[in-house]
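Can you keep this structure in mind? I'll have questions shortly.
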Amino acid sequence: MNNPLSMLVSDLSPQLQAWRRDFHRYAESGWFEFRTATLVAEELDRLGYRLQLGREVINADARMGLPSAEALQQQEQRAREQGALEKWLPHFSGGFAGIVATLDTGRPGPVIAYRVDMDALDLNEKLQPDHLPFREGFASCNSGMMHACGHDGHTTIGLGLARVFKSLEAQLSGTIKLIFQPAEEGTRGAKSMVEAGVVDDVDFFTAVHIGTGVPAGELVCGSDSFMATSKLDVTYRGVASHAGAKPEDGRNALLAAAQATVGLYAIPRHSEGSSRINVGVLQGGTGRNVIADRAFMKVETRGATNAINEFVYQQALNVIEGAAKMHGVEYDIALMGAAQSSKPTQPWVDYIHRQAQEIAELTSVVDRREQAAGSEDATYMMERVKSHGGQASYVIFGTELSAGHHNEKFDFNEQVMAVAVKTLASLALNLPTFGSKA
Amino acid sequence: MNNPLSMLVSDLSPQLQAWRRDFHRYAESGWFEFRTATLVAEELDRLGYRLQLGREVINADARMGLPSAEALQQQEQRAREQGALEKWLPHFSGGFAGIVATLDTGRPGPVIAYRVDMDALDLNEKLQPDHLPFREGFASCNSGMMHACGHDGHTTIGLGLARVFKSLEAQLSGTIKLIFQPAEEGTRGAKSMVEAGVVDDVDFFTAVHIGTGVPAGELVCGSDSFMATSKLDVTYRGVASHAGAKPEDGRNALLAAAQATVGLYAIPRHSEGSSRINVGVLQGGTGRNVIADRAFMKVETRGATNAINEFVYQQALNVIEGAAKMHGVEYDIALMGAAQSSKPTQPWVDYIHRQAQEIAELTSVVDRREQAAGSEDATYMMERVKSHGGQASYVIFGTELSAGHHNEKFDFNEQVMAVAVKTLASLALNLPTFGSKA
Amino acid sequence: MNNPLSMLVSDLSPQLQAWRRDFHRYAESGWFEFRTATLVAEELDRLGYRLQLGREVINADARMGLPSAEALQQQEQRAREQGALEKWLPHFSGGFAGIVATLDTGRPGPVIAYRVDMDALDLNEKLQPDHLPFREGFASCNSGMMHACGHDGHTTIGLGLARVFKSLEAQLSGTIKLIFQPAEEGTRGAKSMVEAGVVDDVDFFTAVHIGTGVPAGELVCGSDSFMATSKLDVTYRGVASHAGAKPEDGRNALLAAAQATVGLYAIPRHSEGSSRINVGVLQGGTGRNVIADRAFMKVETRGATNAINEFVYQQALNVIEGAAKMHGVEYDIALMGAAQSSKPTQPWVDYIHRQAQEIAELTSVVDRREQAAGSEDATYMMERVKSHGGQASYVIFGTELSAGHHNEKFDFNEQVMAVAVKTLASLALNLPTFGSKA
Amino acid sequence: MNNPLSMLVSDLSPQLQAWRRDFHRYAESGWFEFRTATLVAEELDRLGYRLQLGREVINADARMGLPSAEALQQQEQRAREQGALEKWLPHFSGGFAGIVATLDTGRPGPVIAYRVDMDALDLNEKLQPDHLPFREGFASCNSGMMHACGHDGHTTIGLGLARVFKSLEAQLSGTIKLIFQPAEEGTRGAKSMVEAGVVDDVDFFTAVHIGTGVPAGELVCGSDSFMATSKLDVTYRGVASHAGAKPEDGRNALLAAAQATVGLYAIPRHSEGSSRINVGVLQGGTGRNVIADRAFMKVETRGATNAINEFVYQQALNVIEGAAKMHGVEYDIALMGAAQSSKPTQPWVDYIHRQAQEIAELTSVVDRREQAAGSEDATYMMERVKSHGGQASYVIFGTELSAGHHNEKFDFNEQVMAVAVKTLASLALNLPTFGSKA
């Protein structure tokens, strides 16, 4: 193990905790990461990284599941009141809170990139003494927004890496890129950064997560079981009519949504792997005695591969359209999020595996795990990197959790952040050894 | 009461019974009335009526619910073996068993027309001693075909009228038309005769039925509660696939039909009157472990008015198309039958009422009855006659029934035929009094 | 025409307008009529009527569609702040704002009763200058509550009758009952008053409505086309589960509701008259990627007769239960409202007709009208009165409307109130002539 | 390689072809294998095997998907006319055509058992010159029954093994059991033999199949991808009614089946492995204008494991029951077939692998293959053998096919039978070496 690195990270630990607790306290949901992003930019700028911000790293049209303009404005104002830095805020205004920080060592070498995400969940944090963030005073002060998936930790890890790389710049060659992504929840943000080209020059790519059921002390070097997914908002628009007096004048949007719902669940299974379909939300109608003129559905499809998800997605489009036709109503579909399935590249997994074996805190290092792990839009970045021949992986650092992800009492052991910084930093520091056998 | 008429009909009674029992024994379903039609034509020709036959009185393209060419050929051969007259058979070959017989008195006067139907039902007659047609030896000898709706009686009444009018020709003026229609069951035949123009010159039109729950001795002078209807055969065509090995390769026609079925029943009620929808038959799939590539439905819509039926029909088309779209299958719709709603003209109902009061056997004479009476394609003729200012009605002669219509043990009291002949003949004989008060 | 009556009502007109505008301004929705009821009670008490209040005239268990205890408490507090009289408020607390005022003349004679309703609709009144109540300053000050169906006028008519009868008490015999009912909207309140016995002694019963599309100057003496109805709230309770990770652990309440919805619309038509079914509202699920553990539906059934509505209602219960069974979820059904169909008694309609012909302002008097008129829970009172041999009717006074009922810009011509008071008072004043021909 | 064995089998080849072609010509579908079974019994008896027949080896109550008594009787008569031996027929009468032939060597040793199946498919064989069985005169002479899955070959292999073991009896120790099973198609017969105890004493069990897409010359030693399955026949019974005149009197069995169909396809996916659901056949209703009083569905469930299939099966029961409840109809469910998933035991797969490597005709020997292979009821036998600690596997001998399984032009290369006999015989001959390394 690299001793200077260990000491550096050890010294950094209090700062890591401070950052994380600040981000946790001012939790900001997807596309609302205004305060977080200004603080991140400030620190990176202070360290001397070259910054690309906002529209430079986010393709406006490729953003999915964007909140309304009003909501964005309100939240920007809220961020301002909570200490967002005016210096950086204009870059992120309107749903553009993405940052890419680049450290060009001036020495020849490949581009190695790390991706962390910054958004919280739409959830109220539990305000009870048995919940550590509340007890220690850093529970979310933003109603309906909570870091219950550890992205506050991820952002912190990104900043920790920035400090470490700057300190050890002399030992590095090539280029380091730190990617801070908004709106990973709902798999909404990564595609817009990919479309802006942020990983087009990347040779080695690693996305990071903590927790997710992996035991403390364990590293998963190449999580490969993300399902491809599509998130759809469907709105049916019909014609209202008095259900007693003039039923024949109505065009029943609620009935169309109900028929669509059963049709969606009835989409065929696929012989080549897992598939999923869900209508998580259905809201239709205004009054008991009125033929409903509007119904709204939140739908998602998944597939073990991109092809399987595409199969389910295309079938879903047919079902949604057919149900509209059946009941004479109009419909809109909005793509609110999407992610791909993506396998890590084995050489990079092997390399990470070897590096991790040098980290004392990691008592178990594995390549993959059996359990399916939901969906992740870092897969868009992985696929892009792989498409031009780069190496890519998705790593998970195990940690103790106080409650499961997306739970109102979620919390993690903060020591995992230092372990992650140390391990991830070593990937860049030892990169010249990539390709040689352990 | 016209005494010569009464005596004439009384003398005719044994012949009426003989005709009816012969038609009953050789029951022929819709578009298969080959033998019946040749015997009818022979008698009318013998009496000296001017005949229009087959394609002269039936518009080929307006026929609905036609059986296959093979079935038509087989049944024609069957008819030949059962005594159909070769002299007339070519006229009716291929599903054209319609006849219009005209008696032009040479004296000025209006055209008065009667419509009777000739077809049997697709039903096996009950062959048991407690069923009179079996006991007396005239039960149907044709498997799957039975006169269970009294059309054998209607055809007989038509021939009885032909005899009477010829005998009393000297008392008549104007023109008499006797219309013998095929394929009333399923409301398939009348439209094709209307499209051939057979009622275009008719001033007074009367369609005839016996039974239908009207008590013996009662005449309904203007049955007005027929619902408009459309009969659809729907076929979905998908793609078969092994349900275990390759479910994703199938396009499930059976599932489309199932969703269409629930969608069809869910068509809105109409505030302006009764409507009906039924999927009477659904057949889909070939094997348990195969995604069904074909499903077939027999559907019918009804409405208290033509507009209501049209509403249901259009909604049904949407549902059928939408369900196909939902599950990626193709579909065909064939219109197998149709009828309209049609109100009798009141002056003609009043006139019939007055004439009927002179008939001793009719102990009750009513204008209409409350009960809905299904559908009837004579309504096409009534609407056409009314469209050029003519008078039209639909009369029902009550009689005892051994079992309900469309039942395998249906039978009626044969005396009703003489009553009908007498009453209907009197309409023409006394026509000069139409318009004067009773 | 009774001249003293005309003069009396003429003098009363400014007071009628004042009452109506006060009630309109402080519109109170069903079961929240706290302020209105205390003012009504105060006036009736002042006039010397014998009062029965709250639980005396409302059977607690027979109330339907009651709001939550919290909402009732909040609204009571709101009423208090808006001038509800503490003297009467305790009687009405908790959803008991019903009043029966009795005038016993001391002279022998029958019991004649009038029913008016007091509740507003859950609607925001349009606050625009072209809307007279806003322009003249009496638009509703209660958010989400608006008199958009004229019940403010009905309550006023009831008070007008109270004044008139007291003034002309010497000319009356028998007993007068004035019934002030809560929660007619949603057909929730009448049954609870019937179950408390308030019409058990009534010989002549008249319910009153204004507007509903009847032209100004016209009286409908016996509106008879109310459909029987049932209002159901249905809640499905399943088990939530992550739709990607553990779909098999969910019990999908939303899917059950969707299948119930299509099943409900597919309930058979009824041959004996109109029927209706509607799922006006469906709300299910919490998040896109969660199997929904809860779904809620607002359903209503209707039938041209009580038997037809009962048929639809029983079928609906089967569908709701079956859908729960299909998807392994639990369900609750709450009956939120109900009304019956009820025909007026013809002698009473004839009598009202004769009296109305003496009222100069009524330029048209008709017995009934063809158009279906939705549902009304006064039918419960009518049926009860008829069940013990009493006479009952439902009258509608035509008036100009600024917009249709239940519209945010609804308003009526206030002169209709005086016409109604005059006409309805004459029914009692001339009651001894009931039974004699005009 | 065992030379005497090779020579023996070589000599046997013409007999194998003769047997196979005779069985093919007189193809008998599941539970109808009367002629086949008598010929098999005759040969085994002639060779001196101890026979257990019919009810001795088939538990009557555990048979699934049994045809009607009439059909069984007709087919028995057909078999008699096609040369079934009267000597053995009574044993098999009524759907009991199962045989277990035992060779007890008298020397100590384990029990080794082989299972072959004897039934044909419900299919018409293609009678065209390009189809070898037709060209060479042994195409099926039984309409609607065809050996299109190779069970004629399996039965022949069983007889071939019987000859070989008898010839080489001196080299064997322990006990040999040959199991001839009826009704494998539809997975209907194996369970009844297991319930009769036929594998309760078996130490080494091998089931045999030919073809199934495995290349010629290849042996799959341990096919492990059978899905557990359940086959259900569902009948809904409602009440018929005239759809126009009395829709409310019907109880719509067709509508219940349609709702069940969409509900069945909507059964949740399972996170632990593949699942399947199919409604392969739906037949409902009798006439277009009749509310259907009967509907029939052929349903099947599958799961990658017994637990997953059980999950789908239980959900299906709920859906079927719930749909009946929704529409007020009765229902019956008949279990027509079932199979389990079952993994071969690795030591036995290894042993088979080693033996197979000695067979010259086998150019490729593999343990398993990726592709899912449908369902097989030999899994019941495997599970039973494993439950008492025995070794079990399922082997597949590759061969050229003229068309896919279950195709009307299916045929295989008859040489595969000799290869199978040789390989399978060697398992018993070399059994003492089981457990030693190759």
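We call the chains A, B, C and D, going by the order they appear; numbering starts again at 1 in every chain.
Here is the rule we go by: contacts are C-beta pairs under 8 Å (C-beta built on N, C-alpha and C of every residue); 3 or more make two chains touch, one makes a residue touch a chain.
To keep track of the chains, here are their UniProt names: A, B, C, D = Amidohydrolase.
Everything quoted here is computed from the prediction, not taken from an experiment.
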item: Partner chains that chain B and chain D have in common; value: A, C
item: Most widely separated chain from chain D, with each centre as the mean of CA atoms; value: C
item: Copies chain C and chain B - interface residue numbers shared by over half, same or different; value: same
item: Rigid-body rotation angle, chain C and chain A, from Cα fit (steps of 5°); value: 180
item: Length of the line joining the C-alpha centres of chain B and chain C, rounded to whole Å; value: 50
item: Rounded Å distance between chain C and chain D, as computed from the means of their C-alpha atoms; value: 69
item: Multi-chain contact residues (two or more partners), chain B; value: 245, 247, 252, 255, 259, 262-263, 265-266, 268-269, 271, 276, 291, 372
item: In the complex, chain C residues that touch chain A; value: 186, 227, 229, 231, 242-245, 247, 252, 254-255, 257-259, 261-262, 265, 276, 278-292, 295, 298-300, 302, 336, 372, 374-375
item: List of chain A residues in touch with chain D within their complex; value: 262-263, 265-266, 268-269, 271, 274-277, 372
item: Chain C-facing residues of chain D, complex; value: 245-248, 250, 252, 255, 259-260, 262-263, 266, 268-272, 291, 311, 315, 318-319, 321-328
